[in-house]
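Next up: some structures, all given as structure tokens.
There are two complexes below, and they share chain A, which is joined by chain B in the first and by chain C in the second.
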Partner chain A sequence: MNTLLTLSDNLRTFWDYTGMANASGGHIAMILVGLFFIYLAIKKEYEPLLLIPIGFGILIGNIPFNEAAGLQVGIYEEGSVLNILYQGVVKGWYPPLIFMGIGAMTDFSSLIANPKLFLIGAACQFGIFGAYVAALMWGFAPNEAGSIGIIGGADGPTAIFLTSKLAPQLLGAVAISAYSYMALVPVIQPPFMRLLTTKKERVIRMKAPRVVSQTEKILFPVIGLLLTTFLVPSGLPLLGMLFFGNLLKESGVTRRLAETARGPLIDTITILLGLTVGASTQATTFLRPESLKIFIIGAFSFVVATCAGILFVKFFNLFLKHDNKINPLIGNSGVSAVPDSARISQIVGLEYDNTNYLLMHAMGPNVAGVIGSAVAAGIMLGFLY
Partner chain B sequence: MTPTIETALLIAGIGMTGIFVFMAIFYLLIIGLDKLFPFIAPSSGDGEKK
Partner chain C sequence: MNKLKQLLFLSALILLVSCAKKVENPHWIINEVMVDNQTGFMDNFGQRNGWIEIFNNTYKTQDLGGRYLTDDPNNPKKYPIPRGDVLTRIPPRQHALFWADNEPFNGTFHLSFKLDPDKDNYIALYENDGKTLLDEIIIPAGLPADKTYGYANDGVKYDQNGKQMATHLERVTPSSNNAILEENPKVVSLQENDPVGVTITITSMLVVFLGLILLYVIFKTIGNTAKNISHKRVASAGTLSAVRGESLLTGEVLAAISAAIHELNQDAHDIESTILTISEVKRKYSPWSSKLYTLRQDPRR
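Coming up: the complex of A and B.
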């Protein structure tokens, strides 16, 4: 009899530790979200390099377990493996490493050849500040509003970096929102691009960019670094690493370092970042009304950023000579979802003129958007930290 | 309009102005770079001794 009782107790203890005993509706809902991300990545090929790690991370983070048992498996339990890996997000050192990789893989020639495009990258940052004001009006504290606003920059690493400094409690929601909307660029942007442009504007042919000398390419990151240092020092962790990565690429004498930065290093950090950001959506901490509000404001910021870029190009064209005009379909690419938003400019442009290739022109505002959103993050940090 | 929103609009105004100033300086520096270090096409070899 005693043996049966002991067996029964042991089975009950075993049951208490299983996922089945600890599962809640929230866990199931988040597991479905994770599966949906994986579906989008594989079936629709929306940003698979991000959505696969994030989607799988959501599954890992939402496997129900007995949180009171101190098993050290959850991402928020100090000392757990996930918690150690998550420190790169919490302390904000994954994003600068990703920026170094982006710098090492980015060719700034299209921007150097036509520096007017810098201003489109600036205009799109209206999305960040519009969302910041909207978040404040919806009851968020100023530091939280700053973190939510940065979603409009369409730059995951920048959003994570700023949120880790200003409002770490919102990290999961902000990061998931930023990466989700980056993946949904092909769905969100085209309707607004068509809505805000005329047929005549959509077929504007832009002048072929001039050839850029190697000296210019080498001096660009050096000048960028010095400009950042003197004007927006708070943007240095991101922009400093971006320009450093770019100098590795353009100097021509550090090929091995550049290849590591844009290859194995950025891949490793992307895996760790995606997986831990996904796992940070543990249902017990993630499923709150604030997360839903953040998603709504995030969508709003993306739309504002897209529209601001397109409308700015239309305004700018009023002052440009006929042969220098800019096709407003590249206005959307001032958000820094590289290179997806530039690809969207190309795809929508080809729908109206199948010989008008906009990709090389759109890459200019696209990389300017990366710089612009990092500057905006630096400014936010300066005001709100 | 609450003081918080007024401050937010001020930060937004300063922020956007700051970004445009940053980009405008970058723009001018690149124009300067183009003047100082223009691309010179490598010679085609037509002028070389045969």
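Coming up: the complex of A and C.
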């Protein structure tokens, strides 16, 4: 009889530790979200390099377990493996490393050849501050609003970096929101691009960019760093690493380092970042009304950024000579989802003139958007930290 | 337009060159001092004595061990803070409390001097060399019993004009912050003064535009300079690559022109022979690339 009782106790204890016993509706909902992300990545090929790690991370983070047992398996349990990997997000050192890789793989030639495209990148930052205002009006504190606003920068590493400093409690929601909308750029942007432009504007042909010398390419990261970080020193971790990576690429004498930065290093960090950000959406801490609000404001910020870029180009064109006008379809690419938003400019442009290739022009505002969003993040950090 | 560019370029230069002169707060600060302790905080021996609070005014852990505290300007090495005590490693923006009880053998934090409430008390902290002054303060005579003198905001010794901010403190806070921060003051201020976020939006967008406009102006200038240099090079060299560098024609058009010139020079024909030659590519044998060594053998069944 005693043996039976012990056996039944053991089985009950075992049951208490299983995922089935600890599962809640929230866990199941988040697992479905994770599966949806994986579906989008594989079937629709929306940002698979991000959505696969994030989607699978969501599955990992939402396997229910007995949190009271102190098993050190959850991402929020100090000392667990996932928690150790998550420190790169919490302490904000993954994003600068990713920025170094972005710098090492980005060719700024189109921007150097046509520097007025810098201004489109600046205009798109209205998305960040539009979302900031919206978040304030929806009852978030200024530091939280700053973290939510940065979703409009369409720059995952920047969003994670800033949120880890200003409002770590919102990290999961902000990161998931930023990466989700970056993946959904092909869905979000085209309707507004068509809505805000005329047929005549969509077929504007831009002058081919001039050839940029090696010296100019080398000067760009050096001057870019000095200028932007003197203006906004709080953007140093992101801007410093971005321009450093770019110098590795353009110097011509550090090919191995550049290849590591834009290859194995950025891949490793992307895997760790995506997986841990996904895992940080543990239902018990992630599923809150604020998360839904953040998702709504995030979508709004992308729309504002896209519209601001397009409208700015239209406004700018009023001051440009006839043969020097900018096609407003590249206005959306100031949203710094590199290179997706530039690709959208190309695709939509080709729909109206199948010989008008806008990609090389759109890459200018696209990379200017990266610099602009890092500067904006630095400003937010200065004002709110 | 040119004048505007020059103006913007000049502003950029001024921005980069101008460095605001600002008096910096020391990395270690004698943050709060009690001279006459009648009813206040007691040490581990149950004694009440005057105390000196040192504040690590940096964002890194610093070790006080090996440095010197003194109340005598002519004797900077009066109390050497013992090395090797883990307790002297002070975390960022944290404090260490020293008892001015003239009982140095009571432990690391017990000084070899006392403070005198009837006269001005000079207190200084010196670097490990005993010569470099890290911070000093003079506590005016007549400081009431159980009251402290120091800085209202931890680590803030000078105001923006470089004036010393030492004062009689309202609250006695040994080993804790002189100013208790319940909330982020920047956030509180924004909540009060900019509840909708319009001001911060305008300011931030101005800064973003300013930064990128400066980059635009600089690279526009560099681009123009590069073009001018290229023009001169073309004039002196007259080569095709130089023409390519400064031409407004697209790469494709230039490639077509180059190919045509090349064909003309080589006297090549438009209709080529249709003989296709396939050459065998030979690779030198290496055991490193041998399939024999690098592939697994099928398991025997």
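By our rule, the second predicted complex is superposed on the first by the 385 of 385 C-alpha atoms of A that agree within 3 Å, B and C clash if a C-alpha of one lies under 4 Å from a C-alpha of the other, contacts with A are read in each partner's own complex, and residues count from 1 in each chain.
Here is the rule we go by: a residue touches a chain if its C-beta (ideal position, glycine included) is under 8 Å from a C-beta of that chain, and two chains touch if they have at least 3 such contacts.
Predicted model, so just to flag it, every value in this text is computed and none were measured.
> Are chain B and chain C a fit on chain A, or do they clash, once the structures share the same frame?
These partners clash in the superposed model.
> Touch check for A:101: first (chain B), second (chain C), both, or neither?
neither
> Output check: A:385 vs chain B and chain C. Expected answer is one of first, second, both, neither. What do you get?
In the superposed model, A:385 contacts chain C only, not chain B.
> So, A:53: does it touch chain B (first), chain C (second), both, or neither?
neither
> Touch check for A:118: first (chain B), second (chain C), both, or neither?
The answer is both, since A:118 touches chain B and chain C.
> Looking at A:208, would you say it contacts chain B, chain C, both, or neither? Reply first, second, both or neither.
In the superposition, A:208 contacts chain C only.
> Kindly classify A:365 by the partners it touches after superposition: chain B alone (first), chain C alone (second), both, or neither?
A:365: touches no partner chain.
> With the two complexes superposed on chain A, say which partner A:88 touches: chain B (first), chain C (second), both, or neither.
neither
> Considering only the listed stretches 204-212, 258-266 or 276-284 of chain C, which one runs into chain B in the superposition?
That would be 204-212, the only stretch with clashing C-alpha atoms.
> Output the chain A positions appearing in both contact lists, the one against chain B and the one against chain C.
Shared contact residues on chain A: 111-112, 115-116, 118-119, 121-122, 125-126, 128-130, 132-133, 136-137, 142, 145, 210-213, 215-216, 219-220, 223-224, 227, 231-232, 368, 371-372, 375-376, 379-380, 383-384.
> How about chain C: which of its residues touch chain A in the complex?
Residues of chain C touching chain A: 12, 15-16, 184, 186-187, 190-191, 194-198, 200-201, 203-205, 207-220, 222-223, 226-227, 230, 244-246, 248, 250-251.
> Per the contact definition, I'd like the list of chain A residues that touch chain B in the complex.
Touching chain B from chain A are residues 111-112, 115-116, 118-119, 121-122, 125-126, 128-130, 132-133, 136-137, 142, 145, 210-213, 215-216, 219-220, 223-224, 227, 231-232, 368, 371-372, 375-376, 379-380, 383-384.
> Note which residues of chain B are touching chain A in the complex, please.
4-5, 7-9, 11-12, 14-16, 18-27, 29-31, 33-34, 37-41
> Of all residues in chain A, which touch chain C in the complex?
111-113, 115-116, 118-119, 121-122, 125-126, 128-130, 132-133, 136-137, 141-143, 145, 207-208, 210-213, 215-216, 219-220, 223-224, 226-228, 230-232, 368, 371-372, 375-376, 379-380, 383-385
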